[in-house]
Amino acid sequence: MYDVIIIGAGVTGCSIAREISKYKVSACVVEKEEDVCCGTSKANSAIMHAGFDAAEGSLMARLNVRGSEMIETLATNLEIPFIRNGSLVVCTNEEDLPKLQDLYQRGIANGVKDLVVLNREESVRLEPNLSDQVLGSLYAPTAGIICPFTMTFAFAENASQNGVEFKFNTIVENIHKRNGCYEVKTNHGILETKYVVNAAGVYADVVHNMVSRDKMKITARRGEYCLLDKSAGSHVSKTIFALPGKYGKGVLVAPTVHGNLIIGPTAADIEDKEGTNTTGAGLEELLQKAGNTVKNLPLRQTITSFAGLRAHEDHHEFIIKEAEDSSGFIDAAGMESPGLTSAPAVGEMVVDIIKNTFQMEKKTDYIAVRKGIIHADGLTVEERNELIKRKPEYGNIICRCEMISEGEILDAIHRPLGAKSLDGVKRRVRAGAGRCQAGFCTPKTMEILSRELHIPMEDIVKSGVEAKVVIGKNRAAK
Amino acid sequence: MSVEKRDLICIGCPVGCNLTVTLESGSVMKVEGNTCPKGDTYARKEVTNPTRIVTSTVEVVGGSRPFISVKTKNDIPKEKIFECMEEIKKVKVTSPVHIGDVIIENVAGTGISIVSTKNA
Amino acid sequence: MENYDIVVIGGGPAGLAAAASAKENGCERILILERDNELGGILNQCIHNGFGLHTFKEELTGPEYADRFIKKVTELGIEYRLHTMVMDISEDKVVTAMNRERGLFTILAKAVILAMGCRERPRGALNIPGYRPAGIFSAGTAQRLINIEGYMPGKEVVILGSGDIGLIMARRMTLEGARVKVVAELLPFSGGLKRNIVQCLDDYNIPLKLRHTVVDIDGKERLKGVTLAQVGEDGKPIKETEEYIPCDTLLLSVGLIPENELSNACKIKMEPVTSGPLVNESLETSISGIFACGNVLHVHDLVDYVSEEAALAGKNAVKYISAMETDPSDTEKKQAEPIQLVATEGVRYTVPAVINLNKMEDSLIVRFRVGNVFQDSYISVYYDEERVMHRKKKIMAPGEMEEIKLQRDKLIQFKNLRTITVKIERE
């Protein structure tokens, strides 16, 4: 019997897991994929929003601002790459200029600091590559960019370090309340728990509706992105937004924390909760819209495109509360933008909700820091050589595009909740995330995974149990 | 007396000359379009008894890599290619192997051997 | 910091030939740095034949061709380090490299020869829509998996791109028991050698669909199928021609890109059409003493020409070093304005791009590629405004590198020669 079961190991679930791990309770995260960070958390804009966009007085606004405040300390303690690069919401139509003022006022009311409205000249001085149609902008210095993978892994590893269990490839099939506690029926048996936290992303409605009569509806809203080579990474230095519209914040152009340039997302509501495919029309729309706000985008430098699904709830607001007709069942649902930014604050809030009915004792031995994976290429020559003397694997480059060594890949595999797949390695240490898109390093990374995890090459997957990279040894085709 | 003209691309070397072969009742009368004698030889063979060099890999034990590359020492009849592949698939050699070493003596009854093209 | 006369970056066919040539031309302290666990570069996985016809008058497989040069390098006693990744080159020719045994180390070189080869264009660069499942490989990665690691990428295959690598892999996978359903090619003509169409596609009844591309990828975890469509004159897919092809493997042979990360790091001037360094008649880049050859300079079709080009680079690196030793301020170089080579009207680029007459040997091979298929057309060369060469060629295609030979004595006769233009003329 657990005290708390958290459904979903995305950034929301892992943040909650981390917060709960500060207390002397037994907790378990149940995740349907084979790894942490496999849903929305791996395919988003990677933006830490300033908080002016969310409706005044909304939960989104409050948690966004709180998350934005918390992230600096978290980034330091948990070694999450984070840069407070600032953002510009640009206006390209004369009649829309008042909307900049509206956003500004909303931001002030939401508690966002240092906001300022700029004219065209001031905007272009900050960002020379703004398009010729830009008439003015709202500048938010507190906005930032982050690595969403590391953020999720960091929360998860820290939670795991502090005693939280993780069960992967475990799908929740049904949930029953029996004798004051919950029976969570999974494909690997029944788990019993006092509290259930629903952080199931685009499937949060499916999970919620297993328990509550007040039906929830989560719509998967697909967003397509293009990622550009690091040579395009300084095309803009701040995150450039267009004025928000009906479907959300619109297409942005931003540097990533790793030095690439990201363009996206589009917004299309879809039926299929697994519809993470990009579309010809979507990619075209993306590139056209991006050109409205930023000029001379070096689109030929595109290295990949991808799509992610946001969990959109009809009222466009987070649902973070105990189900009214089922005590002990807590939703953390509707986590579309600013879900990533708010995640640290959502963790706090959910734990507070649990505390209302469950007296949890705080741990005295809670480990607050996490050691990240050493980025060997960032060390000085002396530091690196010292490391290689102790661990020669750090002298063997596997991913040539990102200059990632075998040492880093071994760390990614062997640390708590380590990588078991090519994508797992990629999201932890960036091997395969560079301009050749794993063309060079795939066979090498496969060999390392096979050797370290003692599984045959034929069973190495890209991500997910079915995604085997090769079908067998030579001659296996017949 | 049936006269037939067939257009081929010579595979004798990377140039790929466009050849025209004139056949009469199945025998080659004339070859045109070649820029070297190899083209003539190729054309005559191709329309009567097409042959190919086959390259593949063979499992090796004790080398730095699990497979070494091999080839048919000379070209073999085209229709024997898959039979040749079946025999290659069954073979395992042990290091050391040198370029030119015979791996299979008479592959698929062609009289041609499979030789190593890699040192292991 | 170590000292070498010449550091060669890359131990593939270009690096090997350059090093051998440098040694044969009198240089003693040469070091080859190679990141793989053996010399030979990409040739190690090119197990098919077709190599060496010009160099050795024999048709060899890739590994055999590599072995000839590896033997030479060994016999000449040239030093090389394997498992060694070059991390950086500075403008003053300090090479920083790394391996497990030594860690990070630096070498001061008198001359550097860039021979890093090229990499493949990935799916992402084409923005092919759809899912991102396992089962999508660039043709070279699939080739490596089969020929070196010994693993089969899949069994129901579609190949996008009819360049040589795609064609060779069509045959390779078929011989290993896979079913290659179709090779799709965006352009109206194939980019590979005609012989490969015959012996890789026709031989196995694999259809080639020109003017076709992949417009969608199905399968969330492992590839399930792709949608092919014909493209119109504007290069855009025609929706009505869409066709779903079930498959578990998609091989991409959609372009090779010279690997110039290191060249960019030391700010060498690049040629935008080739994506390789701009070089002069000595194959020297914009940084004196740094030379480039092979696929890192421009993507070749025949390894024989790589070896030829690399030998020239090696020789010139040695010339450079002895010139530096006798005349450190390089006053000779400043004598005349270099002659610019202009590629236009059908010719996409030339290597070299400039010629210093006083450094040129008696003859110089200028290599170039055309941008389209030309039948019964002429390669025309102009010295300034005067046409000096008008050579008819039955057929020229983008997939086949061309060359012309310039004679130094003819160039000298031309007073104040400023430009040499290479173009294609219809008559």
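Letters are used for the chains, namely A, B and C, taken in the order the chains are written, and counting of residues starts over at 1 for each.
Criterion: a residue touches a chain if its C-beta (ideal position, glycine included) is under 8 Å from a C-beta of that chain, and two chains touch if they have at least 3 such contacts.
Note that this is a predicted model, so its numbers are computed, not measured.
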- The chain whose mean C-alpha position lies nearest the overall protein Cα centroid is chain C
- Ranking A-B and A-C by C-beta pairs in contact puts on top A-C
- Taking each chain's centre as the mean of its CA atoms, which one is farthest from the centre of chain A? B
- Could you grab the centroid distance between chain B and chain C? Build each centroid from C-alpha atoms only and quote it in angstrom. 27
- Rounded Å distance, chain A centre to chain B centre (Cα mean): 54
- Message: Taking the mean of the C-alpha atoms as each chain's centre, how many Å separate chain A from chain C?
- Response: 39
- Identify all positions of chain B at which a residue touches two or more other chains, and write them in rising order. 57, 67
- Message: Touching at least two other chains at once: which residues of chain A meet that condition?
- Response: 474-475
- Query: Touching two or more other chains, which residues of chain C qualify?
  - Reply: 146, 148-150, 176
- Message: Can you tell me which positions in chain C touch chain A when the two form their complex?
- Response: 35, 83, 85, 87, 98-104, 119-120, 122-125, 127, 129-135, 137-138, 140-141, 144-146, 148-155, 173, 176-179, 215-218, 220-222, 237, 248, 261, 264
- Message: Can you tell me which positions in chain A touch chain C when the two form their complex?
- Response: 226-227, 231, 274, 276-280, 282-283, 302-306, 381, 384-385, 388-389, 392-393, 395-397, 400-401, 403, 435-440, 442-443, 446-447, 457-458, 461-478
- Would you mind writing out the residues of chain A in touch with chain B in their complex? 474-475
- Task: Can you check the complex and tell me which residues of chain C touch chain B?
- Result: 37-38, 44, 47-50, 53, 59-64, 67, 146-150, 175-176, 193-195, 197-199, 203, 301-302
- Task: In the complex, go through chain B and note every residue touching chain C.
- Result: 8-14, 16, 52-57, 59, 64-67, 69-71, 78, 81-82, 85, 99, 117-119
